[in-house]
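All remarks here apply to the structure that follows.
Residue numbering begins at 1 within each chain, and the chains themselves are lettered A, B, C, D, E, F and G in the order written.
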Amino acid sequence: MSAVLVFAIGAVLAAGLFLAMSRHLLRVVVGVSLIGAAANLMLFVSGRLGGTPPVIEAGLQALDGGTNPLPQALVLTAIVIGFALTCFSLILALAVRQSSDQGDADHLVEAEPPAGSDGMPAVLDDAPDREPRA
Amino acid sequence: MKPVVALVLLLRFVWQLIVSGLTTAWLIVRPARPRPGLVRMRYRNLDDVGVSILGCLISLTPGTTTIDIDTERGELLLHLLDADDPAGTVAGIRSEFERPLQRLYPAGEANDG
Amino acid sequence: MTPRALILTVAARAIYPLMLLVSAWILLRGHNEPGGGFIGGMVAVSATAMLAVAHGADVAMGRMPGGAMRLATAGVLLSLISGLPALFLGLPYMTHLWGTLPLGFTDVDVSTVLLFDIGVFAAVWGALGGVCASAIAIDEAVR
Amino acid sequence: MGDSTLAVSIIVGAALLALLLAFVRLLRGPAQADRVVALDVVFSSSIAMAAGAALASGRALFLDVAIGLAVVGFVATIVWARLIEASPREES
Amino acid sequence: MAEAKINGAPSPHPGNASRLGWLALLPLALFGLALHQLLSDAPPRVLDLAWFPSAGVDLRFLLDGLALQFVLLITGVGAMVMVYAGGYMAGMAQRERLFVLLFLFMLAMLGCVTSDNLVVTFLFWEMTSLTSFLLVGFKHEYTDARKSAQQALMVTFGGGLVLLAGVIMLGNIAGTLTISELIATAPAWRDDPRLGAAIGLLCVGAFTKSAQLPFHFWLPNAMAAPTPVSAYLHSATMVKLGVYLLARLDPAFDDLALWQQILVPVGAATAAWAMLLTLRERDLKRILAWSTVSALGTLVMLVGLPGEAAATAMGTFLLAHALYKAPLFFVAGNVDHCTGSRNIDHVTGLAPRMPWTAAAAALAAISMAGMPFSMGFVAKDLIDIAKEQGGALAWISYSSVFVNAITVAVAAVATIRVFFRRRGEEGVPGEIHEAHWTMLLPPLLIGSLGITLGLLPWLLDPLIGGTVSSTGPGGVFEGIEPAVTHFHAWTAIAIAAALGAVVFVFWDRLHRLIEQVLLRADPLSSIAWYRRMMAAIPALATALTPRLQNGRLTTAVLLILVSLLVLTIGALWLGGAVVVPDMGTPSLTVAGASLAMIAAAVGVCLVRDPFLMLLVSGFIGLSSALLFLFLAAPDLAFTQFAVEVAFVVVIAAVLLRMRRLGAGVGGDAPVLPRLLIAVAASVTMMLVLLGALDGPFDTALPDYFAQASYPEAHGRNVVNVILVDFRAVDTLGEISVVAIALLGLLPLLALLRRRQAGRTVTGRPGAHP
Amino acid sequence: MQMLTIALIVGGAALLVLSALGLFLLRDALSRQHAATKSATLALGLLLIGVGLQGGDAAWWGRVAVILVLLLITLPVASHMLARAATRHAYTEDELRAVPDAESGADQDARGG
Amino acid sequence: MSGFLVVAPVLVPLAFALITALAHGRPQRVANLSLAGAFALLACTLALLVRVVRDGVQRSAFGGWDAPFGIEFVVDPLSASMAVITALMGVAALVFQRSSADPAPEGPTLHPLVHALLAGVGGAFVTGDLFNLYVWFEVMLLASLGLLALGMARRHLEATLKYFVLNAVGTLLLLIGVASVYAMTGHVNYDALLSASGGIEPMRLLPVVALLCLAFLIKGGAFPVFAWLPASYHTLPAPLLALFAGLLTKVGVYAVLRMLADVFVAVPDVAYQALGWIAVATMITGVLGAAYHWDMRRILSFHIVSQIGYMLLGIALDSTQGTVGTVFYILHHIVVKANLFLIAAIVFALTGSYDLRRAGGLWKARPWLGVLFLIPALSLVGIPPLSGFWAKYIVVREALTQGQVVWAASALLVGFLTMYSMMKIWMQAFWAKHPDDAWTPPADVRLGPAWVVTVGLAAITLVIGLMPQPLYVFAEEAARVMGAGS
């Protein structure tokens, strides 16, 4: 593995973490997906690099000189899962933005309202709107 | 008859693709910057599929791209990378593509241009 | 400018089956070449997304067999079930069984692996296709 | 394989250069449409690189990736285009 | 504050008593059984059931002398309390619950004093705390009652936790939790260095329960409980559990200097200090409560003193106290019940209206004051003997003079002042009448017993003998000498009576004086410390929680990353030098893709426009696909490309809507700290990975896959074979995730679509294509 | 390696770079789109044919053919969509209505809609 | 059949998730199917538990690919008991759902998501493969996100977002951890990791294990990375809240236990020391959070954090007894905590608020509810002979035996503070008058199923408390099997 690849993975990871600490919801969500991209790359390099694609050539019975296929399979799984998560989070972020007029990660206070002037936690007003089932 | 027309059209298409690519490349590298512009072109006697194919072929023609097809007016809106001679460009389109397409995809009574 | 992109609408009718064909091809040869259920499914998803852009999300979802949710769940169910026959033979779950199906003129290798991969394909197509098409649907109303 | 290394280098070199240029356009815009156009070039470069990888390894299977890219890159382009078309007019 | 006010019904019809009073027959029957056991002179009964042998906790019950005394006390007083409560609670709401709780309490007490396993003792100990909590808070709709209940619980429960620690430590030291075994083997483990800590913990536990300094404050406040409860729990039984536990363990520690050094001073100081505090009170029940605290101090001191004499005195005084304090509480209850007040300024000269109550008060007071021929007299004499034989320090003797004097005064207040001396202008209101007989029988009966046993002290021999044999070190008991024959007993009581009379006469003046002095010391009192501690809990919580859990997402992410940094840097530092494996020269392709990725990573942090940010992040995905392409992973490259497209579709939809809504954010979090933390965390994680990559790699798995893929799993694409065969279960989970994502999103997508449709109808009619 | 292969690959590579350069040399998004779609597609075509020639067997040829067909079908659609998007932001509705007909020279409004 | 039983903790709920999803459109049938699925899972896991107790550890190497090459499910006593309790929680939540005490909104996705969650949790408990564990974590995460968002109101969505971001970071750290583990050892199978890590210098293991454990600690809700939990749990409807509260954090603790007591046993002592202090901080911050709040759900949520500290403490003690304590603690706590949330929902249904400042009067109006509340509440506090006492007793005794005085003292102090906040609930909801003078408990609430569930769970708490020996022996066996590493 070359140093530049290490730097590349590190850069993606750092970018993801940086964005994840943002107040912009969209940036947070993208940040998390970038952390995922970096994690996938880390998993990918964990099985050591080098070799030919892990597809057995016609006529051969076994993989010869092939690269480690296991991390590839694991990363593939992780990419898919990460993508499902990204889809979910993007639409969720949109739904949040739409329902709360708030795109600020530090102002998502409907479920955690700040304390009152007396330092007491606010009463959550969620009880009344739930109607008991018939 | 139609297969022959279609084959001719396909060959023209491939040829135009090559010409288109190279012409565009030439327009990029030549010292004089091209003077782009929009232009309208009316079409006749083509159904939706026909005019769509016409639009595609136009897009493949050197330096032209279809922007919009107005089936109600029977008009195409085109972008020319080099709008020095719009009339000539349109004439080329009519002869190369429109006529064969009119034979392949003639308009029904609803759309008579 | 007209709101409808006619070329896309027309082209989509031709491209959609073509893309599905490609996706099925990718699915079927995945065991031996790059591809497989997931990648094939993703190509099918992009076909659905394209159709959703061209003809609207509802059309695109309608063209998925059984609808998005049913396709996705049926896919997972198929994958899950493909591992069950082994249990009845006293083998561990997901032990794949291979057999040859004589069709008279030719023999076809059949296996639970293929069922599994088809399940993956359907799950990915249904689920992600559903997500993509529904996402496109979010904003259709305002166009 | 030896005689194809030059070809590979040419393809990859050209594709990387195209990628770099496209990336700069992507960042600079100015119109959103410029960015999507740049993205289209990125996809083209990627297909070229897949071809390069096939050539480099001597394995046709990398061309499968190019097939996939050709299919899905197109979808990406039209979706982005549709997005820009539908978004409010930019002030520029 | 007065209980009657809380009751809301000061004078229920005197002719009525609740039938629940008949429940007293049950404890009475138990009393009979216990008495039979005592008099039959049978060997101690043992019940031994395996319960939780792995933890050394067995249901082993032992009915020895000490246990018997407590059982008799619990059942005897318990029966009387039930009878009394039948009258006292008549017509009151929720009286059934009171009886249920009293029975539960009685059960807990019986379990506690008979268990021979420390953990089981602790179990019942906690049960008494809880039932006591529920009983003190019986009038729970009043804030004061709730507060007092909480106070009693927090002190005794907190002490219980300390006790538990002591029990565990003692169990660890002795190697057993069985008390009898523990005592038998004491010499073997008495030198353990941890013993001091264990004893300290056990004592704290016992002191909280028995209201010893500095945990004495909760007991008077527990007087919010209905009077039957006060009489039972807070004078006769529960508060004596601490004494019980100490006495139970006394044989193991009797001659241990530390044991004496803790118990004797604390007990003596409690006895004296509580008596001083008595003078501050005007509430009859609280006055009695303080004198109870004082008596408990004396008992603790007696446990601490070595020798049989101390054991004898402890056993005798324990009984004597119960026999006079319970009736006095009943009396206080009658006064309260019939007059609506317990304030000694208001209730005076009641004897004409409440003659039987007055009689009961007098019987109990005689014993309390230690007047000759009462049981109190016997006990006080024995205490003096014990102090002498146990070598108590001089100040303790002086303080007990003080204690005895005030005891006399309190007894006088409770009888003479309340019943026989008229104070104030207006007389006793006419409607006041004597209590129901169920409320008179118990105090009269118990009070008379206190006198009877004082007259015939040898009746006590089997009882006290049993106690001594199970608590005294050698277990030799030679009978109670009649105190009347002791000269110094007479002198002591004379001094006490004289001093007590003075205190009684100057009670009100002393009250004012002490009130003035102690008012200044209040901030230093333990109740003040208790209040501070209880206030500190919410204060600390209020200071900490809203900061740690401030509802901001950025803070939460930051906390995770800081934790990550601390843990990984710490681990790397401990793990030795940071290793960086050999790095080869990169190929053009890998270098190109990596540089593209770095450029995009930098770019994605810099750009402001969300559209651009998403494009650039897509570029990162593309460049990682290129990396996969060049690093022999065609499937991955394929997947990554395909995913990028679907990503685009979703992003496009989200962005489109987001642009209409606007970002909804002002500025962003500060850049520099975020950047530093992000880079630091990234560097450490990469170092962890590089450290892991350094060294030999076990290729067993890839080797196996390379060999088995085609012949055994019939597939040439090894990655796909892994996905659908070798690790198919991963893939099953993966597609489940994908399907679940759709399921989870469906409602959200429907919501977004619905809202949009609604907006279209109102905002842009006819815009649908 | 044959000269033809080299020529195709070099030509394709050069054309690819040129298309990317077009992103800078051309004036606006609409014009750049020509470069990105047409020239780049031709570039890919040349490259892939070169690679196919180099690979030699059916496995290579088949795949190259599939890619080329896909590119040909999708190219005009992509081009069209990009052009539409760029036009929407580069021109106002009024400007678009004022676009002249290539043959008559009259704009839409002048013809009376 | 054994082969099926081993996969049942995943297959049964997953199958029912899919079936209930396919049956959408017929709500009654879906609800019945769902409940049947929960009972089926309970039956299967009980059978599995019996099998494990009778015949020892059960394994199934999927596809016939033996470990370490394929994925293996390994069901030891710990896994089996966790699977049973998972199923039990499923049954409890779904039965409770039929009451009108704060039920989840019945939509087409509710039941599929519940079963998917059970499948994820079950998979995490029975898998013997680190990467597979990651997959089940993700199944859990997505299912819980779907359930959190079901309410659709602003508070639900915001809570879901916070939950997502923080948990996603957690699972990604796990993925990076898995990558590091694989890079170091070349394996992802637990047993293979156990033997491989034996050949690695312990100190080198430390950074990797630290990364892995941090990921699990986030899931487990440890200090200071628990923020996702109190940020989101209280927005859930009661049955789901009980399910979440009972199960999810325990998966994190289970994973830490599995890693430190069964897989990376070679990790140096300093790791356990660090965990011990984390545990102490977790206990204290959690209980203080509970002391701060007035909403029952938020109080109880913080109590989860606090109790997680005890479980981690047991692990940190790094001994058989410590492990026994943790196992005992986890099993008891799942039942107790879920029950408390459910009882809080009954309180809500009767008084109209989860906020203690707006509740009251229940001791007078519904004394049996008070008794019912006291059982799990006092168990949580650690009052003997309830289950929580034994759990604490085992942990504290081991801490004192090892001379960890500060840890033991903290554990006891936190018990005190737990009592404080439980008393807050008791005194406000039960003893104090209802702030609305006209209040009477509503008669039209359907509470039958709620009573069945809560009384049933309380009965389990009582049985564990009154008969601790069998569970202890079981936990000891579980610890022994793990310690052997087999």
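Points worth noting:
The working rule: a contact is a pair of C-beta atoms (placed from the backbone, for glycine too) under 8 Å apart; a residue touches a chain by one contact, two chains touch by 3 or more.
A quick note: this is a predicted structure, and the numbers were derived from the prediction, not measured.
Touching chain B and chain E together: C.
Taking E-G and C-G together, the pair of chains sharing more C-beta contacts is E-G.
Using the mean of the Cα atoms as each chain's centre, the chain most removed from chain E is B. The geometric centre of chain D is 48 Å away from that of chain G, both derived from CA atoms.
Work out the mean CA point of chain A and of chain C, and you get 25 Å between them.
Centroid to centroid, with C-alpha atoms defining each point, chain C and chain F lie 30 Å apart. Residue positions 19, 21, 28, 30, 33, 37, 41, 43, 66, 70, 74, 76-77, 80-81, 84, 87-88, 96 of chain F each touch two or more of the other chains. Annotation for chain E: residues 542, 546, 549, 551, 553, 555, 557, 632, 634-635, 638-639, 642-643, 645-646, 649-650, 652-654, 656-657, 660, 685, 689, 692-693, 697, 699, 701, 705, 716-717, 723, 725-732, 734-741, 743-746, 748-749, 751-752 touch two or more other chains. For chain A, the set of residues touching two or more other chains reads 20, 25, 28, 38, 40, 42, 45-47, 52-53, 55, 57, 70, 74, 76-77, 80-81, 83-85, 87-88, 91-95, 105, 108-109, 112, 120-121.
Pairwise chain contacts present here: A-C, A-D, A-E, A-G, B-C, B-F, C-D, C-E, C-F, C-G, D-E, D-F, E-G [touch as defined]. Contacts from chain E toward chain D in the complex involve residues 588-589, 592, 596, 599-600, 603, 607, 611-612, 615-616, 618-619, 622, 625-626, 629-630, 632, 634, 637-638, 641-642, 644-645, 648-649, 652-653, 655-656, 659-660.
Every residue of chain E that touches chain C in the complex is listed here, in rising order: 634-635, 638-639, 642-643, 645-646, 649-650, 652-654, 656-657, 660, 713-717, 720-721, 723-725, 728-729, 731-732, 735-736, 738-739, 741-743, 745-746, 749, 752-753, 756-757, 759-760, 764, 767-769. Those residues of chain E that touch chain G in the complex are listed here as 50-55, 94, 97, 119, 122-123, 126-127, 130, 137, 140-141, 146, 149-150, 153-154, 157-158, 161-162, 164-165, 168-169, 171-172, 534, 537-538, 540-542, 544-546, 548-549, 551, 553, 555-557, 559-560, 562-564, 567-568, 570-572, 574-576, 685, 687-689, 691-693, 695, 697-701, 704-705, 708, 725-730, 732-734, 736-737, 739-741, 743-748, 751.
Within the complex formed with chain F, the chain B residues making contact are 13-14, 17-18, 20-22, 24-25, 27-29, 33-34, 36, 38-42, 55-57, 59-60, 62-63, 65-68, 73, 75, 77-79, 81, 86-87, 89-90.
Considering their complex, residues 66, 70, 73-74, 76-77, 80-81, 84, 87-88, 93, 96 of chain F touch chain C.
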